[in-house]
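The same subunit A turns up in both complexes below, where it pairs with subunit B and then with subunit C.
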Partner chain A sequence: MTVTRKSKPFLTPIILVLVFLVFLSASLFAQETASGISVAPPANVVASDFNYDRGEQAEVRWKLSSDDNGSAGVIGYEIFRAGVGSEDFVSVGLALPGESYFLDKDVQKGVGYVYKVAALYSGGQSFSDVSNAVIPELEMINWNLLNLFIIGLLIAASVIYFISHAKKGRKLFIRKIAGLEAIDEAIGRATEMGRPILFIPGINDMDDVQTIAGITILGRVARMVADYDIKINMPVSRSIVMTTARETIKEAYAGAGRPDAYNDDMVRYVTDEQFGYVAAVDGIMVREKPATCFYLGAFFAESLILAETGNSIGAIQIAGTAQPAQLPFFVAACDYTLIGEELFAASAYLSNEPKQLGSLKGQDIGKSLAMIIIIIGVISATISRAWGGSFFIWLSEFVNKISTIQN
Partner chain B sequence: MKRQVPLLITFTVGAVLILSTFFPPVETMGEDFSLYFDIIAVFAFFLGGGNLIRVNSDAIAKKKKGWGFSMVTMAGFFIMLAAGLLKLWNPGGIRGDVAGTGSMFQLLYDWIFNPLGATMYALLAFYVASASYRAFRAKNRDATILLVAAFIILLGRTPLGVYATSWIPESFSILQIPNLAIWIMSSPNLAGQRAIMIGIALGVVSMSLRLILGVERTYLGVDSE
Partner chain C sequence: MEIFGTWVAAFLTLGIISFLYRDNPWYKVCESIFVGISAGYWFVTLFFDNILGLFWAGITREDPNYMLLVGAVLGVMMLLRLVPSIGWISRWPLSFVVGATAGFYLINYFSSNVMLQVSSTLLPLLSPGFGQPLFSSSLYDVVGNIIVAAGTFTGLVYFFFSKEHKGAFGHAAKIGIWTIMITFGASFGYTVMSRMSLLIGRMEFIFGNWLGMIR
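Right, the complex of A and B next:
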């Protein structure tokens, strides 16, 4: 007897369907694992008024999501804001993973707000509870800057004291500044050679104090130029600097009793563009070969290009800027360099007026104050680190506090 | 009157800008004054442009020395002005963005203006070499210190500097050239820079006070009261 196995025609398709479903569910499950796992929301969201402002900023702080641990779970935070009593939350900003602070700069004084923070993950957002209400308020005084205010007041008081002291005719000792002593020599050289003087007031506008310092020195230089009857050439990169410089030179010529010798073409506008200006000034130097070049004001990458071109034509060069990064270039390429504060002291120094010299003396008080703070800070920090001692720790922290400016 | 009005303006603006730092209610006034400056600067721009045209057209008309450069300046000025104002070749027409892709203004900017600026900037590399050559000559004690410091820093930032002193034991690692270079930059160099910064800050305070109080009047063309 032959036994034959009965075939099951439906079994194979059913198995295939089952296998397909298993694969399908596995792939769907895998997709959910990659993108759909929720993360814990941030907690303890606290909103507060930003201190010492016009009531236009509010701070939001929160406790990080417990899944914000450096893994790929939390990819950031989104901050939402609504008016008190409203459920209409709008997004006001984002924060990176690990950040638990946000400054909302778009709020109105006297209006109440609430916040909530969402932890962002690849599949969505996980919202915190709503924060406390905050009402931004206007503060009259920025107490964060009290240290700056007191230090500024001390320096200003010493400057004013020495100005009034000098007014009474008391003699003040001011050290010689080589770069300023050389101005006479430089202008004299231009006179002897019959060549012009080139004056560059930097590439910033009149809202930069360095440009103002340059223009005040221009007043003194122009007076000597007018006295010696030589030519001054001043290409500028800002229109307002052009008009101010013209007025300054015009007044200097009038002061020297030679108003008719003044010519508007002494100062000319070239371009606002940094390297276009450099190209024009370099061309003027090479063509006109000035005997003396002054670079007094705010300079950036163009400083060395200008100074080296001036050096190549054999001009006496006097430079001065308050850009620390450009000072080495000027020192290397120029004959004399006014370093930082010397640029600001120049006009007072050249005027030889007691009142102006008094302000320089007041500046020295500020320098002494800085030196004392630095010495006390260094000693107290060194002793507290090496041997401890509560007094030195307190002193070191105190010095650190008074010399740190908070916003 | 000619002197008193500018002095009064200087005093008011200076005082308000100082107060706005410490008193939040005055902050808006400080911002307004900065805005006034921008408005004045816009009007002054026409003065600058007018001066550029006048000086260069005069040089061309009188065939002064270097008048060819004035021709190039004038051509550049007017071509750029026309390309910007009339929005020539602008894909969006007269209503499109002045700097739209393919516009004449943008093409001139990308293919002429930018490369010329970059060329001037590139000159800096050659000037650094020539200035360094002069600055680093050991003419006296100060220049020698500068030379030695520069040599250590340059060497410390190359693989040769690491290789040359890698044999020095870890306990004397400060003597390894890369560490010496870091120490020079972070201690003596930084201390010097900070000293200059403090001096600058004090100089700015002193000069600002002179201007605000009317002690410094050179910019008005007068030395004293």
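Right, the complex of A and C next:
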């Protein structure tokens, strides 16, 4: 008996097709894993002009992608910009996941722009619709700074009031400032010892108010130096400070009726390099042994080096700066230290001129305002947080508003 | 060449450090080299950066920035002090620099040194936020906030020049200056530690790079 095998002509192609499909799906699956699953795009992209600038910034806001939920789906956003009517979008910046705001700082005033935002995922980008058009404009007045303007106006008005008050001959009281009282004593000591005075106006240029304050005090010191006919030595690290200091001392000598005694060499330029300057000043100190050292201006890491060297030669030292990090060194190593505001008050105190006294009084009005705001602000914040009360909540928010600068 | 540079650096470092003993010729040499090289360096830097890089490049480009001429004119006016008969003109650019600086920085200083300081002081003392229970702030926060508020207030009292420091006002001013001094003390210690790291760096150079005693 012959057994014949039944042939199955369709089985082989079916198996082959199945195998092909298995490989194809595996291949597709592998590709999707590598490239990541596509994410939903951001929505509601809104572009707007940045308020109160020179028309050089535009803001972009968007609703986060629905897949931006802390999982690994969205890895960030990329912001694209194009001119109105153009399809030529260029990337202008990136934002982190969870962020829905971007400030474009590279736009031109009066030019229209549109934006779109792409949610980034491991395999690509998912683009939003195009935003509305925005045209950055110049705003002449920054209303966010209205509080600053009003407070400044109040202080300016009080300065003007006190200046006119002083000009009428009425006496304005200023309390004694120990460091300034000591200037006469320090110069007198140099006169008695027949040694020079060293004056250091800091290491910053004339664009620093501390240097300006130091040079103002120099005027008073130079006048006394001219009167007592002693030597003043002033090494400087900035060329414009040198010129200003020379003018100041020259005027002081002219005021004392001794213009011929003035010499340009009283003020010498050394170098702009911070520690090169310090090395030179230290050398001058130990060689010339000044009886009195003034350090009035902006100081940095050199403060302690200078003050310690001055201390080692037995000089009487008066320092003044508004650099908080350097004040401790001056306090530790100098005989008298003008702390911050005292340095700026010095010129008014020393000159006794109505204009300067009036401005100092005006500044005191500003400080009074600050103290009142602090008292009201702290009390209202404490009460409103602890016990509530609509009045205290309103008061706390109001005080916060007038004392906060919004840019 | 590298070895030569290390020896020069070591020579100069030790020369400057020798000032701790007393003024001496070695220090004077190092001082003169330092001052001379740095002054020359700054001259070259300012010439190429400002006069060539900023001014000359600015006015010779396709779209010239003529505002730069204002600065150049002020600079030339400053140089006129070399001519005694018209030297008084050099006072004008000085006045411009001083006046413009004072005006320009007024608002910046006022907003950063005054307004920001005041607004940062307006802290609730007992509860951290609205609707939260009384005394829910930690003791650390309560004490910290009281110190910030009271320290700032009394510090302002100290710098108030229109009233003599007597009576209650004087006591407040005394608290203010104590607060300031304690702050200075903390700052002093912090800065000294950072300076120590600079010294350690120099010592590492001498004993490591130069003498090879530290590997």
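Everything that follows uses one rule, which is that the second predicted complex is superposed on the first by the 347 of 407 C-alpha atoms of A that agree within 3 Å, B and C clash if a C-alpha of one lies under 4 Å from a C-alpha of the other, contacts with A are read in each partner's own complex, and residues count from 1 in each chain.
As a convention for this text, contacts are C-beta pairs under 8 Å (C-beta built on N, C-alpha and C of every residue); 3 or more make two chains touch, one makes a residue touch a chain.
Nothing here was measured: the structure is a model prediction, and the numbers come from that model.
S.K.: Identify the partner contact of A:Ile212: answer first if only subunit B is touched, second if only subunit C is, both if each is, neither if none is.
M.R.: In the superposition, A:Ile212 touches subunit B and subunit C alike.
S.K.: Quick check on the superposed pair: does A:Ile393 touch subunit B, subunit C, both, or neither? Answer first, second, both or neither.
M.R.: The second partner, subunit C, only.
S.K.: According to the stated criteria, A:Ile373 is in contact with first (subunit B), second (subunit C), both, or neither; which is it?
M.R.: Touch status of A:Ile373: second partner only.
S.K.: Of the partners subunit B and subunit C, which touch A:Arg175 in the superposed model: first, second, both, neither?
M.R.: In the superposition, A:Arg175 touches subunit C alone.
S.K.: Using the touch definition from the top, say if A:Ser403 reaches subunit B (first), subunit C (second), both or neither.
M.R.: Touch partner of A:Ser403: subunit C, not subunit B.
S.K.: Answer with first, second, both or neither: which of subunit B and subunit C does A:Ser384 touch in the superposed model?
M.R.: second
S.K.: Look at A:Gly283 in the shared chain and tell me whether it touches subunit B only, subunit C only, both, or neither; answer first, second, both or neither.
M.R.: both
S.K.: Taking the superposition on A as described, I'd like to know which of subunit B and subunit C A:Glu341 touches: first, second, both or neither.
M.R.: both
S.K.: After the superposition on A, what does A:Asp129 contact: first (subunit B), second (subunit C), both or neither?
M.R.: Neither partner.
S.K.: Following superposition on chain A, which residues of subunit A contact subunit B and also contact subunit C?
M.R.: Shared contact residues on subunit A (touching subunit B in one complex, subunit C in the other): 148, 152, 206-207, 209, 212, 240, 243-244, 247, 269-273, 275-276, 279, 283, 287, 301, 304, 324, 327-329, 331-332, 339-342, 345, 360, 366-367, 370.
S.K.: If we count contacts the way the header does, which residues on subunit A are in touch with subunit C in the complex?
M.R.: 147-148, 151-152, 172-175, 177, 206-209, 212, 240, 243-244, 247, 269-273, 275-277, 279-280, 282-283, 286-287, 301, 304, 324-325, 327-329, 331-332, 339-342, 345, 349, 360-361, 364, 366-368, 370-371, 373-375, 377-378, 381-382, 384-388, 393, 396, 399-400, 403-405
S.K.: Please give the residue numbers of subunit A that touch subunit B in the complex, ascending.
M.R.: Those in contact with subunit B are residues 52-54, 138-142, 145, 148-149, 152, 155-156, 159-160, 163, 205-207, 209, 212-213, 215-216, 219-220, 238-240, 242-244, 247-248, 250-252, 254-255, 265, 268-276, 278-279, 283, 287, 301, 304-305, 307-308, 322, 324, 327-329, 331-333, 339-345, 347-348, 351, 353, 355-356, 359-360, 362-363, 366-367, 370.
S.K.: How about subunit B: which of its residues touch subunit A in the complex?
M.R.: 21-25, 27-28, 34, 37, 40-41, 44-49, 51-52, 55, 65-66, 69, 116-117, 120-121, 123-124, 127-128, 130-132, 134-135, 193, 196-200, 202-211, 213, 215-216, 218-224
S.K.: Quick check: in the complex, which residue numbers of subunit C touch subunit A?
M.R.: Counting only subunit C, the residues touching subunit A are 16, 19, 22-23, 27-28, 30-31, 34-35, 37-39, 41-42, 78, 81, 90-91, 94, 97-98, 101-102, 105, 107, 109-111, 114-119, 121-132, 134, 149, 152-153, 156-157, 159-165, 180-181, 183-185, 187-188, 191, 195.
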